[in-house]
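Each of the two complexes below includes subunit A, the first together with subunit B, the second together with subunit C.
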Partner chain A sequence: MTEELRVSVDRRDGAAIMYTKGYINNVGGEEIANRAYELMDGGVRTLLLNLRETKIVNSIGISILIEIIEKMIDKGGKIAFCCLTPVIHKTFQIMGLANYAAIFTDEDAAVKELAI
Partner chain B sequence: MTASPELQMELTLPMVPDIEIAAARAAGNLARELGMASESIDEMAHAMIEACINAREHSGSKDNRIYVKITGTSLGEGNSRIDIWITDHGRGFNVTEARSRRQQLGTVHKRGWGLQIIEAHMDEVSIETSEDGTTIHMVKYGKNDD
Partner chain C sequence: MHPIANFLHELQQLERSPVASQGSLILNAFTRHTRFDAGALYLRDARGSEMRLAAKSQCVAPEILDGAAEDVLQPTPNVVVALQSHREAVGVLALAMRGNGGVDDDDISMVRAAAGFVSTLITNQRLLQETREGEFQLNYRLWELESLYDIGLSIASTLNIEDLAEEIMFRMISLTNARRGALYLREDSGAFTLYRSFGDVSGHFLGRELNDESLRDGKPLTFEQGMLVAVPIKGSNDAIIGVLAAAERETREGGIGAFEENELRLLSLFANQVAIALENARLHREALAKQAMERELELAATIQRDILPKSIPTVEGIEIAALSRPARQVGGDYHAFFIRDGVLTALVADVAGKSMPAALLVSALHAVVQLLFAEGREIGEIATELNRHIHRWSAENKFATMIMISIDQEAETLQFVNAGHNPAYLIAGGKIDTLKSHGLPIGILPQTRYLAQTRPFPAGSTAVLYSDGITEAEDVAGEEFENARLEALLEQHLDCSSSTIRDQIADAVDNFVGEAPQKDDQTLVVVRRAPVPSS
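Up next, the complex of A and B:
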């Protein structure tokens, strides 16, 4: 049984919006990390993850997201999230991710606040 | 008087990647039969996923199986209750130590959050663990969808 995560990216000037579809587990988390690190290496310092089409996450996947946030902070950048289900939002808060990354209800609000 | 479970399901699952999704879907289907609200089902699914991952990743199970039992009960007046037991035949674990883990950025403590997530998403959680295995019993109460 597999629940493969799909990732797509909307690249903008110094920023990017990453869209995920599917289960963020260890494999999905690594896929997000690989794409995020490519973007960081390419100069992206503001990254918005739109999880509109992700309904399930697990703690291993979230731990990888935290590693991505750490690396972005080390580079002087920032990561934000939008379009979380209420349960994913709650899970992010439990694991402390919400303390280090902004969370927006929708993409429009995130884009406006992040100026991307 | 305690209501008798109306729905019951037992699964024996192999410890393979993403098997937790099968367990969560089974519980979700049973809860939907009772009419439980989708957000309660979603919380229950995330708790089940963590319980199954803990069994798969950390139990050191001898038989590489996860045993799942799910019961569903209508409580009347649009309320329902789901009981879930997740059992492995692994080596057990220290519950106090697992509960005390705290995550901080910049530390190695990013992993090991399963139990905290389970307890946050479920209404009741009890754990029986020994060197012969672990059973985690979780209860979710929910208002039914209109």
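Up next, the complex of A and C:
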């Protein structure tokens, strides 16, 4: 098992899909946040986070994700998640992320709904 | 927009700015929209009581106002305003005007009004932040409880030990905010082995601590100033079946810290759930192994059933009776009959071992014997070739005891080869003789040669071949049936038919054994030359 988070981004017109691989903890969350803020500064207002290869997230990672969501909402944009494990999906629902960010089962459904 | 409106609008950006940049945002607004051009802003920490320097502009300002700061603000401020809301001091703003003109009442009023506005903004924002954090903490506690509940459901239904270990690791790391973790399982030898890990556990992790006597108390243990925690997993009978370890708990401030009491309690609860799950998985694994063994036995039994004679051959002038009772669905006993040129050959063999390995050797023995007989070889040669073949192609510790008898009615003789098998009985002329072993069991040494021995076998003679499952059958007290009982029985039935002798022996063994389980295969072959009809 690896603990380091890797992030890759598929940049599209005014939108982006961010792929994460690994543990979303403090370090991993900051990595996502840095990339997300770069994208926001670059004009991205629709950000889809594909967590297909992330199996684990802790409370600090969640709080950072909440901050990212709030920032994006402040900028008039939206953030969505897709491909969550059942455990992470439930975690997001309990921790309130699902109230501010849409959650999709797969990337195709998210891309279609968000018109990315 | 009116200059004051601009000023307030700029201050209002506070609501959307990160805490770290709030100080400079406020001070910049004051120095830009008032005639004051230097100053410093101190804000009280949201969680603490200390007043900290949040921003300074064109001045020298000591870091902490509350503490014993010896430096003083330079230039000397013209106005110092407390940022206060609902009697709570949230900060202090000191402003200086370095240019000409002096400070007038309008300047003071402007600063006071804006300071009141800022105080309200900061207080509101902090209340909002506290509400959010409270909500987050509430959700987090709910998540912990839900996780524990889910873990109970999830890991209790995950019966594959590999999947289970991964689930345990993910859940533990997530629940404790740890960066590294490990699951150790105890082996039968009592030693703990690292079964799953997360992050780098190569150094500074559990080693000799795993043998710590205090683990036996079942309570969490902390090491390295609380940065590493180990929780024993207690199975049934309070036996420690494993250890969960977590290290480097992340803090909200961005670093790592010691595990707190709440997390240790959580980890203990988690370990209880893990114990149940591991026990379930172990029972499931054992059940699967048992099923696999039963399937193997069933398959082996099928092989053996196909090998053993399905019917007793008919040879004029000879009565044949046989009995085969495997002990465990399948066993290592084998018997066969061959007829060539009116000569009957009967064979009884006992392969070392049980289950599938024994069944496979029986299968090999059966195939080779069939081929050798088909080639027309005599029994001594057959035994010699069989021995060579079995020795060459079978595993090192595989061998079989075997006895073969050939009855030539014309010559009125019985030829036999006994390769390490129990002595068969020969009943002729009202006397009992034995056909003792005169060679090593089949498969022991490659160069062993077997020579057939010949005995007279007149009409009315009987040969009794058996496996050690008959003579070594045990009663409930562990006493064996033994050859003496068998011989005594034969003495009483010297002139009986083959089937009568077989049935008498089988009944006697059954009566002797009683309720005791059958431990070994039992094979019995009785061959009798029909007596000459009395005139």
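Throughout what follows, the second predicted complex is superposed on the first by the 114 of 116 C-alpha atoms of A that agree within 3 Å, B and C clash if a C-alpha of one lies under 4 Å from a C-alpha of the other, contacts with A are read in each partner's own complex, and residues count from 1 in each chain.
Rule of thumb we're sticking to: a contact is a pair of C-beta atoms (placed from the backbone, for glycine too) under 8 Å apart; a residue touches a chain by one contact, two chains touch by 3 or more.
Everything numeric here is computed off the predicted structure, so don't read it as measured data.
Q: Is this a clash or a fit when subunit B and subunit C both end up on subunit A?
A: Result for subunit B and subunit C: clash.
Q: Just subunit B (first), just subunit C (second), both, or neither: which does A:D10 touch?
A: After superposing on A, A:D10 lies clear of both subunit B and subunit C.
Q: For A:I69, using the defined touch cut-off, is the partner it touches subunit B, subunit C, both, or neither? Pick first, second, both or neither.
A: first
Q: Which partner chains sit in contact with A:D106 here, subunit B, subunit C, both or neither? Use first/second/both/neither.
A: In the superposition, A:D106 contacts neither subunit B nor subunit C.
Q: Tell me the contact category for A:E38 with respect to subunit B and subunit C: first, second, both or neither.
A: It touches nothing on subunit B or subunit C.
Q: Would you sort A:I60 into first (subunit B), second (subunit C), both or neither based on which partner it touches?
A: In the superposition, A:I60 contacts both subunit B and subunit C.
Q: Considering only the stretches 235-243, 343-351 or 415-423 of subunit C, report the one that runs into subunit B.
A: 235-243
Q: Does any part of subunit A touch subunit B in one structure and subunit C in the other, and if so which residues?
A: The overlap between the subunit B and subunit C interfaces on subunit A comprises residues 1, 3, 23, 25, 55-60, 63, 66, 87, 90-91, 94-96.
Q: Provide the residue numbers of subunit A that touch subunit C in the complex, in ascending order.
A: 1, 3, 23, 25-26, 30, 55-60, 63, 66, 74, 87, 90-91, 94-96
Q: Hey, which residues of subunit B end up touching subunit A in the complex?
A: Going by the criterion above, the answer is residues 16-22, 24, 39, 42-43, 45-46, 49-50, 53, 103-106, 110-114, 116-117, 120-121.
Q: Hey, which residues of subunit A end up touching subunit B in the complex?
A: Touch list, subunit A to subunit B: 1-3, 23, 25, 27, 55-60, 62-63, 66-67, 69-70, 73, 85-87, 90-91, 94-96, 100.
Q: Over in the complex, which subunit C residues touch subunit A? Could you list them?
A: Per the touch definition, subunit C meets subunit A at residues 16, 135-136, 139-140, 142-143, 146-147, 150, 154, 166, 169-171, 173-174, 177, 179-180, 196-200, 250-252, 254.
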